[in-house]
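Take a look at these structures.
Each of the next two complexes has chain A plus one more chain, namely chain B in the first and chain C in the second.
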Partner chain A sequence: MTFIHKYPKAAKVAKANFVVAFIALAIGGFFGFVQALHRTDVFRGFFNSGEYYTLLTGHGVLLALIFTTFFIAGLFVWGVTRSLDREPENMSYTWSWFWLMTIGTVMATVAILGGLVPDSSIRAAVLYTFYPPLQAHPLFYIGLALVLVGSWMAGADWFWSYRKWRKGSPDERVPILTFMALFTMLMWYVCTIGLALEVVGLLIPWSLGWVTEIEPLLPRTLFWFFGHAVVYFWLLPAYYVWYAILPKLSGGRLFSDSMTRIVFIIFLLLSTPVGYHHQYADAGISVGFKFYAMATTMLLLLPSLITLFTVVASMEHGARQRGGKGYLKWIGKLPWDKPAFVGCALAGIMFAAGGFSGMINAGMNINILIHNTIWVPGHFHLTVGTAVALTFMAITYWLLPQLTGRKLKFKTLALIQPYAWFLGMTLMSNAMHRAGLAGVPRRTAEPQYSGFEFEPIFGTMAEMDWQIAIGGTILTISLILFLWVVIASWMAGQKSDKPVDDHIPEPLSGVEHTPAILDNMKLWFTLALILVILAYAFPLLEMVADGIFEPGALPRPS
Partner chain B sequence: MHIHKFEQFWIKLSFVLIAFFIATVVYGFVAMDLKVIGDHATIDPQNLQETKFGNPGVREVTKNGQTEYEVYVQTIQFAYSPGTAEPIVVPANTRVTFYITSPDVLHGFDVAGTNLNTMAIPGQVAKMTTIFPESREYGIVCNEYCGPAHHIMEGIIKVVPKSEFDKSNLVE
Partner chain C sequence: MPEDLSQPPESNESGKNWEEHNPDIEREITIDEFQPYGTLTLTLLYFLIVALMWVFMYFIEFGGNAPSIIE
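Right, the complex of A and B next:
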């Protein structure tokens, strides 16, 4: 018996979410390939430089917003169902959030791809941050709003299951797989307040022409109210996998139940009040607020550092169970020939590197050196582009058999895939970081200028361009391998009662050591809201004091 | 609650690291004069003509008995005024303050390879002060996507020796 046999309805929902996620990954990944060749001037024959921004919008939206959200929904359906041992409460409700998110995705994607049709009035080349006064077609904003509402409903679905379960088990502790999912969603509710105010309150009425002027700084600030926490919305599900599943894949068990819970609580509390660290270079926000956000950002290192400890400790335990010895020699005893393990472990290593460049981003005054340069994509291809995306791909090799009842096919290709991603990302991302230090801008179709040359500190521009192009190509090949393995296994994998070992052992330091207060969701949610109000109420009030749409700028076509 | 002793040690170490990072930022502020953009002024982006941005360029001012320069720059889809059609010329070893705003969409103003880097946001005036130590040319790059020809938006800052600085191009 595996998941699909016990919970056929939930398995269907999880699979539907994965289908949308992987389609988004395929299209978005192809755009990434084109970008890597285009900006480096290695090959510009696919699209012209004006269309580049349409592709880049597609890449950002489909990968950072759509692939992640749908994958997370599928993962949490699996985790909540399994750990509470109940199917979703009402399948019509469950399917309604799935379809709402899907319709929203189709609307936004049509609006973006419209930009490739000559003279089309449906365009949305506004990038995934959609800063006004560049204006997209209303379809784009409405589509995104539907995805958002759908994701709220999905969260409510899991809380619903939890409450029903709680009635039947009043004295039990919240199972860790449900705990982590619910706390991630609590954080999502807090941070999406900003996005909802921006999109529904300002951008939709403005794109429909009900108001003409808009104050650019206010929506931008609301976006970043959401924009840092969203990176934790992507990352926490990767942590979910690292905490709950990776120890098992390495042959051991989770190190500490309490620390896991504490980490998720800190993320709930601190993820949102730090958004100003994306606006260090903005005029109109005082240095004091920026400083407060900087200090909070640094504090947010804590849960990630604890995660590093717990994950490494759990893996070491696993390796020692498998006969590993010595200070570091145990690393060799880890299952480096198992795709799911390898993907998660390599993703974790890249995340540590991404953490380094992240610390530089956070340092308010050094940040100015790299703000909006290609350094920044260099950084987040390590975090969301690898720590998250590669973890999701890798764990698919373990989840898919449970959701389909079929064994994985092409295990060798599946094993090559994460190593290839790691190699491609090493090339692409190191070159992006270094080019950024020389001042090469991000989001630019042709970052080669007529009046001056960039002066790199390490290496040459030509060498960096080639590394980005070759790295991007290897990543694309890795992505094709992933999709091939998934499609083949899904369609033609050998049917089995137990297609994969899906048992998850208890933590080393179990829930019996965990203080009950950690499970008090009302308490932590209220505290999180208070912290957000402290950080944002005053600056936002200051911004709207002269009128919500003042000083007003006119819309510009994208 | 049980926290393993290695883990306790690791948590303490993490706090030390965090304190260290915050200290480096403070040190940069206080000792190295690394400032970030703050809240200077708001402006009506549709009426820049009536402000100093209506006549952008380099101005000479006297502050605390010292000769300094102010540079007003408009960032427009897809050029810097001044900066693109003609370079911004300023003397070396002299305080120069940039005031930057945009009448249309968001742009970037990044002096490539330096930490002179700000967003140009319609409605907001960005203010940055610096002293260029040597005479040389710098490229200005727009590093915020501003529309279909964003990639052609560039400019030049020309830093000349104080003695060669030609004051006939200053604006009033």
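Right, the complex of A and C next:
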């Protein structure tokens, strides 16, 4: 018996979410491939440089917002259902949030792809950040708003299951898989307040022509209220996998239940009041609030370092149970021939590298060195593009058999895939970081600027461009391998009652050592809100003091 | 309280005997026996790399005694 046999309704919902996630991954990934060739001037025949921004928007929105949100929804449906041992409470409600998110996704995607149709009035080349005065068709903003509302309803679905479970189990501790899902969603509720205010309160009325002027700084600030915390909305489900499943795949147990819960609580508290670290160069925000954001950002290194310790210790436990010895020799005893393990482990290594560039980004002074250069995409292709995306792909190899009742096919291709991703991203991301240090800008179709030379610290611009193009090509091949294995397994994998070992052993230091206060969601949620108010109340008041739609600052769209 | 809260109650595999049923595992290591020296080594190596990278960034930003982006 595996998940699909025990919980057929939840399996169907999880699979539906994965279908949308993987379609978004395929389209967004292809756009990334085109960009890698275009901006390095290796091949510019796919689209013209004007259309590059449509592709860039599609790449960012479809991968960073749509792929992640739907995959996370599928993952949490699996985790909450399994750990609470109950199907969703009302399937009509569950399907309603799925379809709402899907309709929103289709609307936003149509708006983006409209930019590739000549003379189309439907366009959304506003990039991932959708800063005004760049303006998209209303379909784009309304579509994203529907995705957002659907995600809120999905979270409510899991809280609903939790409340029902709690009535039947008043004295039990929250199961760790449900705990992590609920705390991720609490963080999501806090951070999406900013996005909802921006999109519904400002951008939709503006794109519909009901309002003619909005100040750029206010929507920009509301975006970053959400825009960095969303990174943790992607990352926490990757942590979910690293804490809950990776130790077992390593042959061991999660090192500590308490540490896991503490990490998720710290992320709930500190994820949102960090947004100004994207706005160090913005005028109109006092330096004190930027400093507060820097401090909270640096504090967020703490849960990541706890994660480094806990997850690596869990893996070491697995390796030593498999006969590993020595200070480093035990690493060789890890299952480097199992695709799910390899993907998660390599994703973790890349995240450690991304942690360093993240520290540079967070620092108020040194941030200026790399601000708006291609260093920044280099950073988030390590964190989101690898730590999160590769983890999601890798754990699909383990989840899919549980959701379909079919064994994984083409295991060799599945094993090559994460190694290929790691290699492609190593080439692409290191070149991006170095090019950023030479001042190469981001968000630019033709960054070569005739009559101007970038001066690399070492190496040459041509070598970096080739690394980006070759790295992007290897990543695309890896993505095709992933999709091939998933489709083949889903359609034609051998049916089995037990297609994969889906057992998760209890933690080494279990819930009996976890203080009860860690499960007090009201307490931590209230503290999170207080920290957000401290960070954002006064600057936002300053921004709207002269009227929300009567901006005092230039430049402004009109 | 069930031993393994991530497992549904009907699971008959849960509990501390997972290692016994797993052919890949040579021996079970309890929390009292487990000494994560390897984790300590890797963590120290990571801190060393981060420190060296900071030094590298320092020279990029200040080594030339001039702004490095706007010439």
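Criterion: the second predicted complex is superposed on the first by the 550 of 558 C-alpha atoms of A that agree within 3 Å, B and C clash if a C-alpha of one lies under 4 Å from a C-alpha of the other, contacts with A are read in each partner's own complex, and residues count from 1 in each chain.
As a convention for this text, a residue touches a chain if its C-beta (ideal position, glycine included) is under 8 Å from a C-beta of that chain, and two chains touch if they have at least 3 such contacts.
Worth saying up front: this structure is predicted, and the values here are computed from it rather than measured.
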Which of chain B and chain C A:E215 touches, first, second, both or neither = first
Tell me which partner A:E89 touches in the superposition: chain B (first), chain C (second), both or neither.
-> neither
Is A:I176 contacted by the first partner chain B, the second partner chain C, both or neither?
-> second
Quick one: classify A:D41 as touching chain B (first), chain C (second), both or neither.
-> neither
Chain B versus chain C as contact partner of A:G284, first or second or both or neither = first
Can A:D519 be said to touch chain B (first), chain C (second), both, or neither?
-> neither
Between chain B (first) and chain C (second), which does A:A295 come into contact with in this model arrangement: first, second, both, or neither?
-> first
Which of chain B and chain C A:G439 touches, first, second, both or neither = both
Set of chain A residues, in rising order, touched by both chain B and chain C = 255, 309, 313, 359, 366, 369, 373, 437, 439, 509
In the complex, chain B residues that touch chain A = 1-4, 6-7, 10-11, 14-15, 17-18, 21-22, 24-25, 28-29, 32, 34-40, 42-46, 77, 100-101, 104-106, 108, 110-115, 117-127, 137-139, 141-152, 154-156
Which bits of chain A are touching chain B when the two form their complex?
-> 49-50, 52-53, 56, 125, 127, 131, 133-134, 215-217, 220, 255-256, 258-259, 280-287, 290-291, 294-295, 298-299, 301-302, 305-306, 309-310, 313, 359, 362-369, 371-373, 437-447, 449-455, 509, 513-515, 546, 551-554, 556, 558
Residues of chain A defined as touching chain C within the complex = 6, 82-83, 85, 172-177, 244, 251-253, 255, 308-309, 312-313, 316-317, 319-324, 326-328, 330-331, 335, 352, 355-356, 359-360, 366, 369, 373, 437, 439, 457, 503-506, 508-512
Per the touch rule, the chain C residues reaching chain A in their complex are 1-11, 13-16, 18-19, 22, 24-31, 34, 36-39, 41-43, 46, 49-50, 53, 57, 60-61, 68-69
